[in-house]
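Take a look at these structures.
Across the two complexes that follow, subunit A remains constant while its partner is subunit B and subsequently subunit C.
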Partner chain A sequence: MASTGIRDRVAIVGMGCTAFGEHWDKGVSDLLIESSTAAMTSAGVTREDIDAYWLGTMGSGTSGLTLSRALRLDNKPVTRLENFCATGSEALRNACYAVASGAYDMAMAIGVEKLKDSGFSGLVPTPVPGDGTGSDLTAPAAFSLLAPAYARRYGVDDAELKDVLARIASKNHHNGARNPRAQFRKEVSRETVCAAPLVAGALGVFDCSGVSDGSAAAIVVRAEDAHRYTDKPIYVKGLSFVAGPATGTSDPAYDYTTFPEVVASARDAYRQAGVTDPRRELALAEVHDCFTPTELVLMEDLGFADRGFGWKEVLAGTYELGGDLPVNPDGGLKAFGHPIGASGLRMMFECWLQLRHEAPPERRIASVDAGRTLALTHNLGGRPGECVSFVSVVGSEPSA
Partner chain B sequence: MASSVGITGYGAYVPYWRLTRAAVAAALGTGGGKGTRAVASYDEDTTTLGVEAARVALRGRADEPGTLYFSTTDPAYADKSNATVVHAALRLGRDVLAVDFGGAVRSGIGALLAAAGAAAGGAAGLVVLADTRTGLPGGQDETAGGDAASALLLGRDTPGAPVLAELLAQASATAEFLDRWRVPGASASRVWEERFGEQAYLPLAHEAFAAALKDADLTPDQLDRVIVAGTHARAVRAFAARCGARRDALAPDLTDALGNPGTAQAGLLLADALDRAEPGQTIALVVLADGATATVWRATDALPAGRPAVGVADQVAAGNDTLPYASFLTWKGFLDREPPRRPDPAAPAAPPSLRSAAWKFGFVASKCTACGDVQLPPGRVCKKCAAVDEATPVALADTPAKIATFTVDRLAYTPSPPLVGVVVDFDGGGRTDCELTDSAGDVAIGQRVEMTFRRVVTAGNGIHNYFWKARPVRFTKER
Partner chain C sequence: MAGGLFTWPSDEPRLIGSERDGVISFPARPGEQEHLLGRRGTLWSFTTQQFRPPSPPYDGQDTAETFAPYALGYVELPGELLVQGRLTEADPAKLAIGQEMELTVVPYTTRPDGTEVLTFAFMPVGGADEQEQDGDA
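After this line comes the complex of A and B, so read on.
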């Protein structure tokens, strides 16, 4: 038994992504119509061409009717799914597998979330009837546990770590300022990041991703059909998703400096894609920077830095727009915003633009121009110790 | 009347927080006074106070009471029993009768005598007395009241559970008159003019006291310790002065430091007296509450070895008097503060709460018989070796732990922000994350903590969510 993957068997031939932000004037249907229309236009297809849909949303709708009603689809299969913050990526993974199986010729993966309609600060958990003994910690508090754990394990002092985290926030805001679709489009200095009011632990407001509304969509076909729709398809090289055993919060051996789920899913995705040295093979990575220490730990879990050296790479500028391996060139969750169901597909949208040389000049990355053709997207859902993780590798060239 | 029953175990619980009475005057320009009063934290109520007192009394004991009587004037629930919550938190057997006494301060001594009566018949009983007392801001009851709990085990003298203080005699006098009263649901009590109450109480107290002493074949001056309890401070003082006891026999009433914890006071002061008494000494307890009841006790040779690990004086000394008056008012429900922009906390649902009662109320985890791994919450599949249904229950409520890591959550919903979340490792294995309570703000990795039963929150539908939190270890003395 093995996770063999579907390397180069399907390709993305069209994508759409709304601006992320506070869309007081748009409902869930509006966002779905906007991103799906953009994706169809991009691929030059109409909804009659699409055989099946996978809709990812955590809490902005239930059942496939959320999409079929919005688009007035004519009795097409629509699967609504949810998998925490990997929801959008899960829509893509399932659509890809459906096409690869031969069951459908063309599928759409679409994600949407309207977080701002709740009126609350931060993310709001979906209430499931329970015994009331679960953790009351909010997401920033749970992820804030990473920072002191990392600092202790690798001998980084608190002030230095704060600077490292501020650089991550500042980098992503720098990138977001160059992205017209991003929720936050102003550069933010390290000083501003450090001076922000505290939310949890050492994390301030600028260490947290944006709460926003948005939608993104992708159209997937078999690789051999891809050139019917575009000259520059993006081939799916590997798709990995894992749900961890959720034992970290009750395991004294877990030290909050890694996400074993991410390590496992990255290993699986790299094997499917034939990637052996991600740091040098990838042109860019879109990772789940829900909070700044998450991005730091991910650099090591995804193999972009040796254990204990991620913070030095951050300080060296490795992951900046002009760096060796640009991470979150579109601004990431931090600056682009994080409408849960849409985020995974939003990440893929940046890969789509960058690998096709369609990113605007102000955030073009040198690695693509230098000939790298692979990109990675990553989502993490849950919290340290109990989470799900998704990793994809896509590329602009089919394997030789 | 010589009795073969008595106290076989006891304990008291004084919450960590104190309000300085001067803080009231500083804020309102009125009220106040000297000293401090004990304050139940925002996550405590009479049920949780009672659980903590009973845990002190039961700690390290192998025997189990046959009955549990829980008494308070400030019950967390009406219609629904609170004694069953205490019963569940103490992990008592299903065949243990757990019932509520309540309403009036007088019900406390009533519960004690009922348990003594049952004990004489052979049924060992646990009496848990708990109260949270306050009054309108600036008023006498606000500063004179206190929050605390006490627990007494009554039983026959047996080798496994020897009597620590034998009940020599008891007598009561009952009369109907208006001293203090409160309509159910009202936030404060009302009292009649105090000189009237003094006149009503004194003859009743003398009557009960004389009858009990006669039964015990003692004279007032022979008593080694005399405790006078009651919420009518003037009558209590007057009776203590005129009862005939030696001056040096009068027990301190702890009101300067703690205030008067109503229903719990009699048990609290008796526990304090037992903490200090020597074998053979006699103790009279006179309770003035809508009548008077006098009981006479004699400490036995078993007392020194049967004392709880944590005494009343230890807890009086360990209080933290930095509580701001605004926090006190908020916790007592007199200051309606702006909530965080977060959803109201969800109520625990009844069926899952029943299914996981051992965990939720008793903090019972699981231990894998195949590999020994301890798992919190308990699970049917071992997280380490994946054995299915090979786990045995393991009670961790009394197991100390150490903080592995922590964070301060300024976004979470809590009546007392910010919430401090800790990850704790239990001695002997097992980890969980939970809330840290009763912290003086000095949380640190490696800090020793112990578990405490708390009311996490009350949901909009009135359901109290009880569960366990960690608190810093403040008493290291072992029994």
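After this line comes the complex of A and C, so read on.
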């Protein structure tokens, strides 16, 4: 038994991503057509070249017909899947493994979500029959529990922690202001973040990610075929996905200062990719900043900071656009927006742009020019104590 | 809001759980031995809900305009389990992890047919009179 991975066996050769935001004038099909067409154009291929599709959407469509109808596919295999907020990453993982298996020469992973049409500014849960023992906190309330837990464990006072969280929000808005596809394109000061109306616990409006419509897509081929489609393929180094035992909310030993699922998936992905020092080896990381305390905790769970020191690294600017390890240089869920099924592939789209030196000059990061060739995406689904976690490592160079 | 969650009417309401092979559950599972949970525990963690949650599952009769923020938390009942529920104290400055809490019953909503619906909540031990007034408000 081993999670051996598929290091350097497949590569991404084309990507597309719509603007995220309020697309009142576009339906799910329009968004799927826009992102898939952009991905096919960037790889120089057509629908006929693609052998199979994985469509990730949490609730904007059911079955493969959601995609095959939009693209008028001619009896191709299309799998629709859902894995909470990690849905887009799960589409990519399945497409990569399908190509690595030899079953298909070319696969597309595509994610889409249309959230604004619900009329509710937040996620509307799908009712699932249960025995009533489940936690029924709203998402911001559940994630708000991280902040006081972290402050208490590491002796950070509440005001200082609020400043740390405000820096994370402000950083991601700073980056989003430099991203034409982002939902929120204005810089937001720490003072504004701190003065915002409260949503849950200590979390205000600016501590929460954007609720948006959008779609993103990737085309995957075997690594040895990659140069037929692009001079700058992005090689898949490691893909790890775990579903936790979901015992955290009823386990007094779980203290809300870590996501054990993230630690497990990061360890697995790093091992597959041969990464031993992520903080120094990665050029950038796109992480699941659904709420500001999540990004703080992730810095430690992903090995970007020692336990209890993530907040100091945030204050030191380590994860800013010009820092040692830029995190969410595209604005993240916070500013780019969070159309659930598309988010994991949107993260990969930023890695694609940055590692290929194609990011706009105003948000280009120095670490790539300095010779770092690896990037990480991290996608979380669920809530503290009961979640799924995905970590990928990709790179612009095949291993020697 | 399901029925059968707590003993009522009662001056000292208890949550109705169940037990089998030493494992305690709340709400009670069908077919298991009834087990009335202890009334006091410690506040394990808490937060506040500042906006009206999506409906369903939320089924209060209030609107986004009339919604009143509330606190909710997990209370650890010693030797039993963690229970999530509303707290009668909505001001987080007056709550602290580890403080002693006691079960109470508070109004939840009034159905269109006039039926008053009650729910369980935890109130800080000490200031009980004041807390009960908050719960009724």
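Heads up, the rule we're going with is that the second predicted complex is superposed on the first by the 397 of 400 C-alpha atoms of A that agree within 3 Å, B and C clash if a C-alpha of one lies under 4 Å from a C-alpha of the other, contacts with A are read in each partner's own complex, and residues count from 1 in each chain.
The criterion applied here is as follows: a residue touches a chain if its C-beta (ideal position, glycine included) is under 8 Å from a C-beta of that chain, and two chains touch if they have at least 3 such contacts.
Values in this document were obtained by computation on a predicted structure and should not be read as measured data.
**Q** Should the superposition on subunit A be reported as showing a clash between subunit B and subunit C, or a fit?
**A** Overlaying the two structures gives a clash between subunit B and subunit C.
**Q** With both complexes superposed on chain A, which partner does A:Ala11 reach: first (subunit B), second (subunit C), both or neither?
**A** In the superposition, A:Ala11 contacts neither subunit B nor subunit C.
**Q** Would you sort A:Pro245 into first (subunit B), second (subunit C), both or neither based on which partner it touches?
**A** first
**Q** Touching A:Ala151 in the superposition: subunit B (first), subunit C (second), both, neither?
**A** Neither partner.
**Q** If we overlay the two complexes on their shared chain A, which of subunit B and subunit C does A:Gly119 touch? Say first, second, both or neither.
**A** First partner only, subunit B.
**Q** After lining up the shared chain so the two structures overlap, which partner does A:Cys290 touch, if you call subunit B first and subunit C second: first, second, both or neither?
**A** Neither: A:Cys290 stays clear of subunit B and subunit C.
**Q** According to the stated criteria, A:Ala200 is in contact with first (subunit B), second (subunit C), both, or neither; which is it?
**A** A:Ala200: touches subunit B and subunit C.
**Q** Could you say whether A:Ala141 touches subunit B, subunit C, both of them, or neither, answering first, second, both or neither?
**A** both
**Q** Can you tell me which of the listed subunit B stretches (39-47, 93-101, 201-209 or 255-263) runs into subunit C once everything is aligned on A?
**A** In the superposition, subunit C collides with subunit B along 39-47.
**Q** Taking the two structures together, which residues of subunit A meet both subunit B and subunit C?
**A** Touching subunit B and subunit C on subunit A: residues 120, 122, 124, 127, 131-133, 135-138, 141-142, 144-145, 148-149, 198-201, 249-250, 252, 256.
**Q** Can you list the residues on subunit A that touch subunit C in the complex?
**A** These residues of subunit A touch subunit C: 120, 122-125, 127, 131-133, 135-138, 141-142, 144-145, 148-149, 152, 197-202, 249-250, 252, 256.
**Q** For the complex, give me every residue of subunit C touching subunit A.
**A** 2, 25-27, 29, 44-45, 47-51, 53-54, 56-57, 69, 72, 74, 76, 81-82, 84, 92, 97
**Q** Mind pulling up the subunit B residues that touch subunit A in the complex?
**A** 340-343, 345-349, 351-353, 355-356, 359-360, 375-377, 383, 404-414, 419, 421, 423, 425, 429-435, 456, 465-467
**Q** Please give the residue numbers of subunit A that touch subunit B in the complex, ascending.
**A** 118-122, 124, 127, 129-133, 135-138, 140-142, 144-145, 148-149, 198-201, 245, 247, 249-252, 256
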